[in-house]
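Here the chain labels run A, B, C and D in written order, and each chain numbers its own residues starting at 1.
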Amino acid sequence: MTSVSIIGGSGYGGGELLRLLLNHPNVEIKQVTSRSHLGEYVYQVHPNLRKRTQLKFSDPAALESVDILFLAQPHGQAQHNIEQYAKLAPKIIDLAADFRLRNADFYEQWYGEKHVAPEWLSKFVYGLPELHREELKTANYVSGVGCNATASNFALLPLVKADLIDLSAPVIIEIKVGSSEGGAEGNSGSLHAERANVIRTFSAFGHRHTAEVIQEMGVKDISLTMTAVDLVRGVLATVHAKVKQGVATKDLWKAYRAVANENPFVRVVKEQRGIYRVPEPKILAGSNYADLGFELDESNGHIVSMCAIDNLMKGASGSAVQCMNLMMEWDEMLGLEFMGLHPI
Amino acid sequence: MTSVSIIGGSGYGGGELLRLLLNHPNVEIKQVTSRSHLGEYVYQVHPNLRKRTQLKFSDPAALESVDILFLAQPHGQAQHNIEQYAKLAPKIIDLAADFRLRNADFYEQWYGEKHVAPEWLSKFVYGLPELHREELKTANYVSGVGCNATASNFALLPLVKADLIDLSAPVIIEIKVGSSEGGAEGNSGSLHAERANVIRTFSAFGHRHTAEVIQEMGVKDISLTMTAVDLVRGVLATVHAKVKQGVATKDLWKAYRAVANENPFVRVVKEQRGIYRVPEPKILAGSNYADLGFELDESNGHIVSMCAIDNLMKGASGSAVQCMNLMMEWDEMLGLEFMGLHPI
Amino acid sequence: MTSVSIIGGSGYGGGELLRLLLNHPNVEIKQVTSRSHLGEYVYQVHPNLRKRTQLKFSDPAALESVDILFLAQPHGQAQHNIEQYAKLAPKIIDLAADFRLRNADFYEQWYGEKHVAPEWLSKFVYGLPELHREELKTANYVSGVGCNATASNFALLPLVKADLIDLSAPVIIEIKVGSSEGGAEGNSGSLHAERANVIRTFSAFGHRHTAEVIQEMGVKDISLTMTAVDLVRGVLATVHAKVKQGVATKDLWKAYRAVANENPFVRVVKEQRGIYRVPEPKILAGSNYADLGFELDESNGHIVSMCAIDNLMKGASGSAVQCMNLMMEWDEMLGLEFMGLHPI
Amino acid sequence: MTSVSIIGGSGYGGGELLRLLLNHPNVEIKQVTSRSHLGEYVYQVHPNLRKRTQLKFSDPAALESVDILFLAQPHGQAQHNIEQYAKLAPKIIDLAADFRLRNADFYEQWYGEKHVAPEWLSKFVYGLPELHREELKTANYVSGVGCNATASNFALLPLVKADLIDLSAPVIIEIKVGSSEGGAEGNSGSLHAERANVIRTFSAFGHRHTAEVIQEMGVKDISLTMTAVDLVRGVLATVHAKVKQGVATKDLWKAYRAVANENPFVRVVKEQRGIYRVPEPKILAGSNYADLGFELDESNGHIVSMCAIDNLMKGASGSAVQCMNLMMEWDEMLGLEFMGLHPI
């Protein structure tokens, strides 16, 4: 059995990691840390884990050596402690934003502060298997992915890979998100009475995840518009772009199907009948799928490309476990078999 | 114009009072206080009031004299300052729990602390017009009502008034509530991601509002079981009791209709067809109605009596304004005409 | 008193009209028709109206003469009967799409069928007061407005009126809508278990309301992308466009404020603090406001302009009553005073 | 591999069975029937199954022999065809209500019609493993369970098993349910715009599932009050009863823990801190757990006992698969490992 520990296990990303790792046949969880819940059973914070583990939250100051260390802390902490963490484990998978960008200046531009461990940026591989599968197989340090960036990157991937859109033209991405994105801490606007029933555009552009889309997709003129809606888990990214001259619906089918065929967790959803004709996040809760769809207005070349994911799974902990599977040369889908629910 | 001020205007009860009083033809709002939002426009906290008032939150230490003073503070503050408030206004309407109970020992029993102004308890009239209409017409000091107590009292009222149940037998009241009951401050369990989709029985018995049902209805063996459900505004109280020997459905119809006929804001909802056959809080959002319904199992005398209200209206600010109308000898429905919405 | 009747009163638009007209000081409702609910009390279908009216649904074949006739039928019926309706009333206000477009060819292009009463198209005024206030004052025939078109038109209005965007460049409008848009009939995808928690892009482009935006705003290259979210009432339209060279945030403030100053039901929402910084439909339920907001990326001229409305109010019945007020030379806000609720 | 087929696979119970059986290591699905979706891929109706199976819905008239036949039809069909089904498979598990009651008169009393295959009633075992584990190990015919009955039976089980309540005294059960109970067909009240935000007591007493509680628990004077709330999956049953003289909280702890210790899918939830102190259905979506909790008012012997389940899992398809595991002498938890999600 491979031993793993999680730093920061009381947040939503940490809880989802716990759920996945407890169910994973090849790993054993050694420690899960939490300062605020020190000494409590993990099931007192994550009630779905009751009767599945007797683990308690331990002190981050008392970490022991382990095969793989998962970092599930709030952004900005890992870069301060990365040297110490590297002594504890030969392999590290970070869920936060600390090591997602390859360039320290680019980091400073989007995060408004200098990176404190810039020499580590080049050691990390961006943790989206569908973009970096081969590199991940030999990686020791893997970054997390931004959930909104992930939905955006998937909606762009078939278009960029098959060279169907002009990357210098403006790309507008409208993203609708559930409340779990806000994390377990929340703020006054996260109160149920204020957050229920919302359609709240909390960021018109400038969201930090934009940087990951620029880095990974090579688009230049891009904006992410973030709108909170009444849902707990899920993200839908809708890309608006212009296809290159002559691109037709059949070319798009080919491009989207190619991506789905190469990646076990990618599906194309484009039906002519039934209730579920387009990608929808609600049926993905708990699953690691990225569902892609598109619609082309052949009269003017306007393409609407969509990607739905569970922000805590493909957009965070699910991709992290998938990365671990690749790093360990295990079956890529191991421990990630849950299909999602219908209805829900 | 009658001048009114509100102490504690940034909470949900205070916001609802503001909405009602801004729309009331006979009053003028002089001051609205808030320590935490001092100097802000009230519409920055209560966004529905934008373009309807330029009022700003003022300092509670700088209150001026006024005809009627509304107290919309958290429980436990009014009893400390009541002497001072009484010097500012000849009439006071309190929304909190400080002056709801008539007996200081009974208060201590349910609130776990001594009342600091017990001599004031007898000066207040319990502010539910349907129970104390005549007293309210001459009252200077009126207490608020607990929202859960109000739904319970209405569900019991026709039965108690027509002497149809045995008050010494156990009465079980199951109450389902929306999230606005928790107030604008909330707690970790009020976060949308934790509070959405809940059916959470947060109190099996012992809720403080029970005391108001005992006081007003004279029942002895009673329990209120509180369950939070996914809704912002609304309460449904379901009373389970045994009718006296020989009581039949027609007696109940008579008793419920009598209460509805005597009270402009009470309706009986008991239909054989359509979607809305029973009292439902959702269509009451913003309205001052109390909708009553019942079902009698004639085989064993088990009666299920229901009352739906908007907890912020009939269960708080709506009743307070209705009390003001009575105290001022105005039309009881003035400023409370809003019918509620369908669908919503 | 002015007498009014409603044809098609059992749908959501008809129910909302009933609520508004029952509360309107200058009108008396004579008849409300419904074939499917013939003979039932209107409050059996619209439960919020209980104890406010004893009206019953009457037979559309037995309509009597009246001062103003409101048509609240499904699309496609009014054009077949308009001659007959015109004999019953000197003034007609239609809520459906039959008479929204001024040009019969344009109608056929977007609705896929020939208009059966094309000679009537020029007699109708498009029923959005903020666009046609002066014409409405002398109009006898007024069309309804599409709710999605209305949100889009408002989001574009300050930009078009102040000539701040290039109308020949592509305009992308992302619209998020609640379930009441689907109407009281619904379909299998409207079932709660399938419709709850959705983020469902049911139309990427080609929505019929697009025609009203083209007609009223003069934009050429425009697409409306429709996404259903978990909410009953409300629409948010988000326009993505490019401002003309040199346009800055201060120019936008001026343009938006101008529109708000000229129109009693338009507000600008753009706050730096608090929970409600941008337009949000949830606090507009039942109110007739259109809330506008914007954000300009000065680095590339990308403007995000937003409009939130209640689809059944400003997007349907509220605007219809506002039109009536103008046609009758009454105060434009009469009967439309409800402010909306917070929280909800 | 054991071969299984499902009759009636397009409903919610059938879809959940499909999800579980596709994930089950010991079975192979041979056929899934649906008249209304004949020839469609099952993932077109149950979108979570996309990329997991290429099964299509087949004709119920073309059923082939199989090891185990699951019946997931609407109530009332299986009893007409049971002879035919018995020829197709040596083992049958029915999800509907046709064979839940052991007595034909009792069936007629609660279902208002004569049973058409009364001789089969005694051949079926009631399919709740926690009540009939030993019988199930040798059973060939197993009935389904009512979801509301199951939640009620679990809330009563520790009390009845340890003889802590008087079975002749009245027992009141308040049940709150999500919309998936209504099935994939729905009715006008199931439309999202009408069903969202509800607290709707659609049945005060007389619900058919009551019969299963009487049969399995031996209680005499019992009523189930059914209230629909805004949730898709989940049931919470709250039992109100009186404990026998002298029963204290420690006796209850012992009784509840005993049931949890004997049954892998039963948990006791009774915490003093944290958000999740009581059983809540939302974290059970997709899991097979029954979470139990209680609160005793020692002053009057009033016990509030709660059980939360996912109505489509422990209340239907999950228990059916658990029964299959027992009938086949496999590990009882096989294929039922999913833990549920937090948050959701």
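Heads up, the rule we're going with is that contacts are C-beta pairs under 8 Å (C-beta built on N, C-alpha and C of every residue); 3 or more make two chains touch, one makes a residue touch a chain.
Keep in mind it's a predicted model, so treat the numbers as computed, not measured.
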| item | value |
| --- | --- |
| Farthest chain (mean CA position) relative to chain A | B |
| Chain pair with the higher count of C-beta pairs in contact (B-D, A-B) | B-D |
| Computed distance of Cα centres, chain D from chain A, in Å | 35 |
| Between chain A and chain B, centroid-to-centroid distance (C-alpha), Å | 45 |
| Whole-Å separation of chain centres (CA-atom averages), chain B against chain D | 38 |
| Multi-partner residues of chain A (at least 2 other chains) | 12, 180, 184, 193, 196-197, 230, 232, 275, 280, 343-344 |
| In the complex with chain D, residue positions of chain B that touch it | 170, 172, 174, 176, 188-189, 193-194, 196-202, 204-206, 221, 223, 225, 227, 229-231, 234, 236, 238, 240, 242, 275, 277-278, 280-282, 293, 295, 297, 300, 302, 304, 306, 308, 343-344 |
| For the chain C and chain D complex, residues of the former touching the latter | 12, 178-180, 182, 184, 186, 190-193, 195-197, 230, 232 |
| Residues of chain B that touch chain C when the two form their complex | 12, 15-16, 19, 22-23, 40, 44-52, 180, 184, 232-233, 260, 267, 269, 271, 273-276, 280, 283-287, 289, 291, 337-344 |
